[in-house]
Structure formats: C-alpha cells, structure tokens
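Here subunit A shows up in two complexes: once beside subunit B, once beside subunit C.
Presenting the complex of A and B:
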C-alpha cells in the first residue's frame, strides 16, 4: 500500500505536466476552433530554445527561461501570422490538416538545426528528491509538477479574469459578434497562440528536464491530445483533471502490470469514458434553453 | 441638418455572381431614427452588413457605390475599427455570448471604446434602462429568455457609447408586449443619448411609429421613401406593409389590381 501512494503521487506529478500541455491545446481550440496537431512540436522547440540559451550559450538558467519564453511567444505569434491567418474563414478541417503539416515541418527543422541526437537539459531543479514521510518523489518530477501547477494557475487567471481573457472567451463563443463589439478577432487568435506557445515552452523545459531532449519529444503532445479529448476539448478544468487521471493511471499500470501496459490501459479507460460521455468529462454540449 | 450616415448608390454582389443590392441609397440624419423596411430577402440585412463591414465574411463584396459615416468613407474599414469610431450594430438574432455571464457580455462591449479615450458607460447606467439585467448580472447569458437576451444585446451597445446604432430586427421572435417595451427603450436611448439609428424591421407599424423617416426596400433597391407620417398614410404601404388593406370590401377585381401594383413596384 505504501507503494500505491508513492506511485500515485509520482503519477499525479507527471499528470500535472500533461495538464499543462493539454492547456495549450484547449487555449487554441477554445478561441480559434482549431485542434493544433503541432502543439507537441512547439513544446519541443521550447525545450530546444532553453537548451540553446542555457547549454550552448551558457547563460544563467533564469535568463535562459526568460529568453525561451520570449522566443516561444514569437514562434507562436509567427505561426499564427504566417500559417494560420491566411486560412481565416476556411473550413476547420483544412486548418487542422495544415497544423499536421506544420508538425512535420517543425520536426524536420529541429533535426536540421540541432541534429537528431539526444541532449540533456542543464538541471534547473535542486538535486535532492522530495521526501514526504516515507515517500520519495524524484526531484525533476516533483518540482516539474509544482512549476506546471503554477503555470496553469497563471493562465487560468489570465483567461478567466482579465479583460483580454473575457474577450478571448467572447471570440471563442461567437467571432462575428465579438468583432461587432470592437474586439480585434485576429489579435485574439494571436494572443491564444502566444499563450499556448508560452505554456508549451514551460512544459517543454519541464519534460526535457525529466527525460532527454530529442526531436521526437513532440510525440508526447499526441498522447496528451488523448488527455484533451478526455477532458472535453474546450474545457480548462477538464484538461487539468484529465491530465491528472491519465498520469495517475499510467503510473499505476506501469508499476503493477509492467511498462508494456503503461501506454495501453489509460487509453482503454479513455475509450470507456468517451462511450459514456462523448463530449468528454467537462466538454460543453450546446446550451439548451428550456 | 447633416447626415451621420450616407449610403450612396451601392451594389452588393455575393460569390462574385449574385447581385443583391442594385444601386441602393439612403441617409440617416444626425440624431434621428430612420426605418428600413421590407419583406424577407429584400436586402435589409445585406444593407446593414455592407455598412458595418461584414460582407467579406460571407463572401460578399461592395461592387460599387460609397458609404460615408461622419463624412468619411468607410467602405473598406474592418468591423472592429468601425465600432471603435462609434458605429455599433446590434445584430439579428441577438448573438449574446452564451457561455459568458451577463456582466462579462457587457464587459466585452467595452472593447468598442479602445483608442477613443472615453470610459465605457457604467453598467449601472445600463441597468437603469434594463432593470431586469441587474438581477441577472451573474447569470450565464445562454440561459436568459429571448426578451432578456435582446435587452442584453442593446445593453452591450449602450456600454459602447455609440454615436450611431444599426438595429437588425430587434422585435424578432418576441411577444408583442415585449416588443413594445423594447421599442420604448430604443426611443429613450435615441432621445437621452442622442444616438442616431438605422432600424431594420419587418414590424413596419412599430418601426414607423418610432422613426422620423422611412425607406422601403424591394429586390435590392429602394421603392418608396419619405417621412414616416407620409409612409403611414400611403395607400400601397398601408396595404403591403401595415396590413391595413381596405378590409371588408369584396376582393374580386381589386386582387388583380393588387397584383399589377405589386408588379409595377418590382419591375
């Protein structure tokens, strides 16, 4: 039983990172109705940015984090402007397909720029593991969870309570009406992409610290897409809860059934839940007035 | 008397092929309410979309003509800029943000004042026009009734301190009693806040009772226009739009004449 708690805790910590990655999908989907298949690779770029600033250029880690955020925000804004803006008003499926292509482009670009080899990110977390009573949580996972949690809270506050957050939600609900009210809709799209890229960069640094850094890191984004669907594509609380659930299930199945099941059982659970709740845990069907 | 809004001889084409408006002109004098009446598909909403810059979204384009607001040409101005200059459209079907609370709906409208150096109208002032909204301000807009949503739609316009309002069928789908209440408030807004208005309606009687001037549109062009009292007295308008045809008389030969008169209008 003591293992159960320890494994659960580690699983939930990983789940927190999933939740942060999931948040990036939800932010873009909620505002622009696009499922961004390139999100995992934007996260991977964030990790490489950090690697470049902290390891290759040898900057202090805090400065490297700031520069990484700036570079990622620019990447997000650039993608929105160059790739997505020309597709405004096209069917969602075309835009989604473009993000699939974008994922391939980013993957290839990372190989060209940084070579396909494995790298280690300079450690930014203390070396000592976190010990709670008898339980032992690896430092990177534990602190990574705390960072992810803090980032999620910040984005939540930005989206919920700031004026631009309200405008983003209005844009998500009805673009034409929002624009008729003076909201600059393309600017809101850009903001959503910037927020998503920022959250991806933070997630990339955390994931890169837990594992190694190589161009296939973007694939994690795809498995997190399952998390997003479980939570309901347009629900931030759903993404957070689903991230925690999937992380927890992965850890438990990995520990009790072995690594081979780790990637399977959570998705079986996903399918079962979606059969019962097709909109995801918190996804909104349309509001119906009675 | 200067015109706040001037539409000059505009032609609108959808999908490069379908002509919807054919040389339509109208003007809204400063501070007045002007009604634009017509049946379904006559081109009323298209006219509003041409003014507010929403044509490109529906693959429509202004093929010729000019639109001036406060003397400046606005035919190429994107919608959010127009709103920021004080031209606010209350769209057909209310279009409230269903997931947002009533108050957040109002808050979105404050974007209309970006770059104008004016504070948005305090929500309290909005609630004075619509006391019902005050009680509902924490409710999600999707759960409001149709009438309450229409009040919210107009409330959002108020927040934006518009100089001119384009109202697209505010009576749509509302009970007659509510229609009367909403039109009463529209009149108050016009008087108290000096807002010029272009009112698009199917409820011609209601619209003409409010407006000082009216245009009637058929098949994409204006067929009659004149001061509201004159339109209300006009024989054709009475019969075709106000439903006040000479009731009770035998309808044999008249029906034929009716058809001819109708045809003359459309040709």
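Presenting the complex of A and C:
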C-alpha cells in the first residue's frame, strides 16, 4: 500500500502525456471525421526531428524545439494535402486504411532515415527528481506531465479565443453551415492536421525523454486509441480525463501484475468501453437518420 | 472476338463458370498448378506454398472486409489461433492433420465469433478498433499462456502425415496447400451466389436497408466473422505445418496489415481480388529482396524498412488512384481484349 500513492502519481503523470497524444486524435476526428492511425508515428517523427536538431546538429534545445514544431507542422499539412485530400467523400473504410498505410510508410521511413537503433534524446529537464512528501517522481515523467498540461492548455485557449479556433469549431459542428458562413473548410482540415502534428511533436519529445527513442514508439499511439475511445472520440475534456485514467490503470497493472499486463490493459479497456458505451464518457452518441 | 454472351436464365448469368471458355481455362489452370512442382525449383515451391497460404487467408479477410464491409485489423491473430490450435492438437492429442486443420479453423471461428460480438453495438471505425484490441489481446495470450503456446519461444510440431507418408518437403506440402486452397476458393465464390453471401453484401452496402429487408444484422455479421476467421485459422494451421514452428512474432499486427493491404491492392469484394492481392503482396518483398541484393551486401539493412514503405505506398496509392484494385485493372484489360477492335 505504501507504494500505491507513488505508483498512482507516476501513472497520472504519464496519463497527462497520453492526454496530449489523445488530443491530436480528437482534433483530427472532430474536424475531419478521420481516425488517424498514423498519429503515433507522426509523434515518433516529432521525436526524431528533435533528436536530429538537438543531438545530431547540436543546436540549443529551445531552437531545436521550435524547428521541430515547424517541421512537424509541415509534415501534418503535407499529409493532409497529399494523402487525405484526394479521399474526401470516400467511405470511412478507405480513409481508415489510408492512414494505416501512411503509418507503415512513416514507420519504414524512420528506420531508413535514422536506423532502427535506440537513441537518447538530449535532456531538457532538470536532473533532480521531484519529491512530494515521501513520494518520488522521476524527473522526466514529472516535468513531461507539466509540459503536456501546458501544451493542452495552450491548445484549449487557441480554440476558445482565436478566430481560426472558432472557425475550426464551427467546421466540427456543421461543415455545410460553416462553409456557407464563409469558413474555408479545407483550410480548417489542414489546420486541424497541423495542430495535431504540433501536439504530437510535443508529445513525442516528452515520450522520447521518458523512454528511449526508436521506431516502435509509434505503437504508443495504438494504446492511446483506448484513451480516445474512453473519453469519447470528439471530446477534448474526455480525452484529458481518460488519459489520466488509462495512465493510472497502466501504472497499477504494471506495478502489481507485470510489464506484459501493462501493455495489454488499454486494449482490454478499449473492448469493454466499446461494448458498454461505444461513444465514450463524454462523446456524442452517433444517431443515424435515414 | 466475343461481344457478349447471350443468356436465357438468371442461373446461367450467376453460374461460377459463365462461359465454356472459362471452364476450359479453369481446367488449364488446374493442370498448370499440378505440373508446377515438376518445373519449379525449391525456392519457387517455397514461394508458391506461401502464396497458397496467403491466398486462403486473404480470401478470409475479403469475406469480412470486402464483402461484409467490416474492417478487420486483427486477422493475423485469428491465424495465430488456428496455428496454435493445430500445434496443440497435433502435439498433445496426436491427431492427424486432416482432423487438426478443420478443428484449428473451427477454434479460430469460435474466437472470431467472440471478437465479433461487439458488432452488436458498433460498426465501421469502432469495430476496426475492437479488432485491433483483439489482435493485441490475443498476441498477449500467445506470449503468456506458456503451457499451451510455449511463450515467446513458441512450439514446434511434427510434419503432417497421411497414410504413413510424411508431408515435410515443399514438394509435398505444395499439393496439400493447393488441395485445400482450391475447394476453399470455390466455396467462397459460390457463397456469394447464395442467400448468406447476398446478405453479407447487403449489410455492406447499406446495413439499415438490409435490416429493413429482413436480414438479421447481428446474425450475419457474426457469421461473416466466423467464416473469415475459419479461413484464417486453416491458413494459420497450414502455416504451422509449413514452418513446423509457431511463434508469437509470426502473427503480429504487421501481418494483419499485410492481409488488409492484400485485399485493398487486389480489390475488395471480389474473389479474384483476394487471390491477385495475396500473390502480388507475397511477391513484392521477394522482388524487393532481389533489387536490394543487387545493390550489394551493405543495402541489406534497408530491406525491412523498404518493404514497409512499399507496403504503405501500395495501400495509399491504390486507395487514391485505383480504389477497386488489381482485379479492376484485370477486368478492364479483359474487356478491352473482348471488345477489340472497338473501344469500350
């Protein structure tokens, strides 16, 4: 029991990062109705961009972060334009599969460009662990949580108060109405992908700092699907809460049952949620009309 | 030149072989398949066996995804269930392969039914997510249920044996695989002339309309899951006899994507599509292999990423430029040939 609180706290910190990854899924889904199976790999690319700028080119970490964001935004916009745009209006099955194909391309490309080996990201967080009372949180996880929290807040503010954020929410609510009010809907699709790629890049840097960097990092994206479904595919508050829940569950199962159980628990949650409440905690139930 | 062929009854329009010529060509194909082992070397036979197994499995996912419209990202896991079942039945109960293979298929079908249960409530994308979850949960079971699956090391099994004859070389396995593949393909082809197959197609095209017409959605969706998993289970069982060892890595998420890619590239919703797609996707890595080896030994490290990139590009490219796949290209060529010298 003495470890319970500490393990929980670390789990919640990881959960914050999950929430940030989930945010990327939700952004794209809300605006474009696409579940992006390549999101985990876009995140991995973000981490590799940072590794390239900070470790290989030896730039200052702040500059490297900025360059990483720029590169990731370009990647997101490029994917939207080249891969998703031609499939507008096609059945969901095609769009799902095109993102699966994209994930394979990105995964292969990362191995080809950066080799399949493990790398360590240059550390940007202070080395000293965070100590709260008796509890001990590893530095990267703790500060990573704070960064993820800050990033989520920034995105929320962007949606709430900027002109493009309002336009994006309008597009999410009703594409035709938004379009007739003068919103450039394709531009909003692009913006959603850019925002998703930005959030993925930040998440990638954080995840890469907590663990090591290798091409299998994209798999985290698949377990985060459980977060997205638990919270509701189109709900940002849902993604945040669900991220914390899944992170916490993972930490507990990992601690009490072992690593293999930790990896499978998100998928068990995913199945259970799909069976009892497929639209998640805060998602909109899908109603079909003829 | 044949402009068209005149048919008087719906039956003849729906026949499996619609023209006498197609019967003849099918006979020629069977002869060619039977003669192939005497012409090809062991490498050719190895690839041919692999293609045969993949064709069966791809036809399975085609029934589910191509014909019933339920995206499956967990097909490899069902193959795994078949493979492990076959290994267990053969090792622990000493059953012969002609009992093991159908039982492996049935066990996979039972697991498929369970995975299909969420389709009671969800469809489309949500169902795809459920199949991903099934893939990872079953992968976890393969790794952890050591008493049955041997854990990460896997299990090995004795070669298939019939009437004292051990089927251990590619030459013998080739005939086993082909002899199983052809009836399974004919069954699938025939299925879509029956009430069940038509119900699958109706569910895919517009599930609500299908329900209004009296099709019990859950019933048919589960049936599709079971059938598709049966095909996967048999293919997995053949894989077990072919490689003589079953490990969890053989049935990874990547293999599920491979089969999805095969039906996308081949053409969803046609039996020919599943066959062509499986052949094409099995040959692509071999061709890549040859190309990369031509660049010298230093390039070998690039093989596995290059393979993945090409797979991904094929999926993306076909979806954008040729959504109905290779089967559609073949149909166009055939039509142009039939109508020549007129344009279609």
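Here is the rule we go by: the second predicted complex is superposed on the first by the 270 of 290 C-alpha atoms of A that agree within 3 Å, B and C clash if a C-alpha of one lies under 4 Å from a C-alpha of the other, contacts with A are read in each partner's own complex, and residues count from 1 in each chain.
Note that in this section a contact is a pair of C-beta atoms (placed from the backbone, for glycine too) under 8 Å apart; a residue touches a chain by one contact, two chains touch by 3 or more.
Note that the coordinates shown come from a computational prediction; the quantities given were computed from them, not determined experimentally.
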Applying the document's definition of touching, compare subunit B and subunit C: which contacts more of subunit A?
C
Classify the contacts of A:101 with the two partner chains as first (subunit B alone), second (subunit C alone), both, or neither.
second
With the two complexes superposed on chain A, say which partner A:166 touches: subunit B (first), subunit C (second), both, or neither.
first
In the superposed arrangement, does A:257 touch subunit B (first), subunit C (second), both or neither?
neither
First (subunit B), second (subunit C), both or neither: which does A:178 touch?
first
Using the touch definition from the top, say if A:267 reaches subunit B (first), subunit C (second), both or neither.
second
Common interface residues of subunit A - those touching subunit B in one complex and subunit C in the other
none
Within their complex, subunit C touches subunit A through residues 65, 69, 71, 73, 117-118, 121-122, 124-126, 128-130, 132-134, 136-137, 140, 143-144, 208, 253, 257, 260-261, 264, 301-302, 304-316, 319-320, 323
Interface residues, subunit B side, partner subunit A - complex:
52, 54, 57, 78-80, 83-84, 88-89, 91, 95-100, 104-105, 107-114, 140, 142-145, 156, 160
Which residues, counting only subunit A, touch subunit C once they are in their complex?
35, 83, 86-87, 90, 92-94, 96-98, 100-112, 115-116, 222, 225-226, 229, 260, 263-264, 267-268, 270-271, 274-275, 278, 288, 290
Contacts from subunit A onto subunit B in the complex sit at residues 89, 163, 166-167, 169-170, 172-174, 176-185, 284, 287, 289
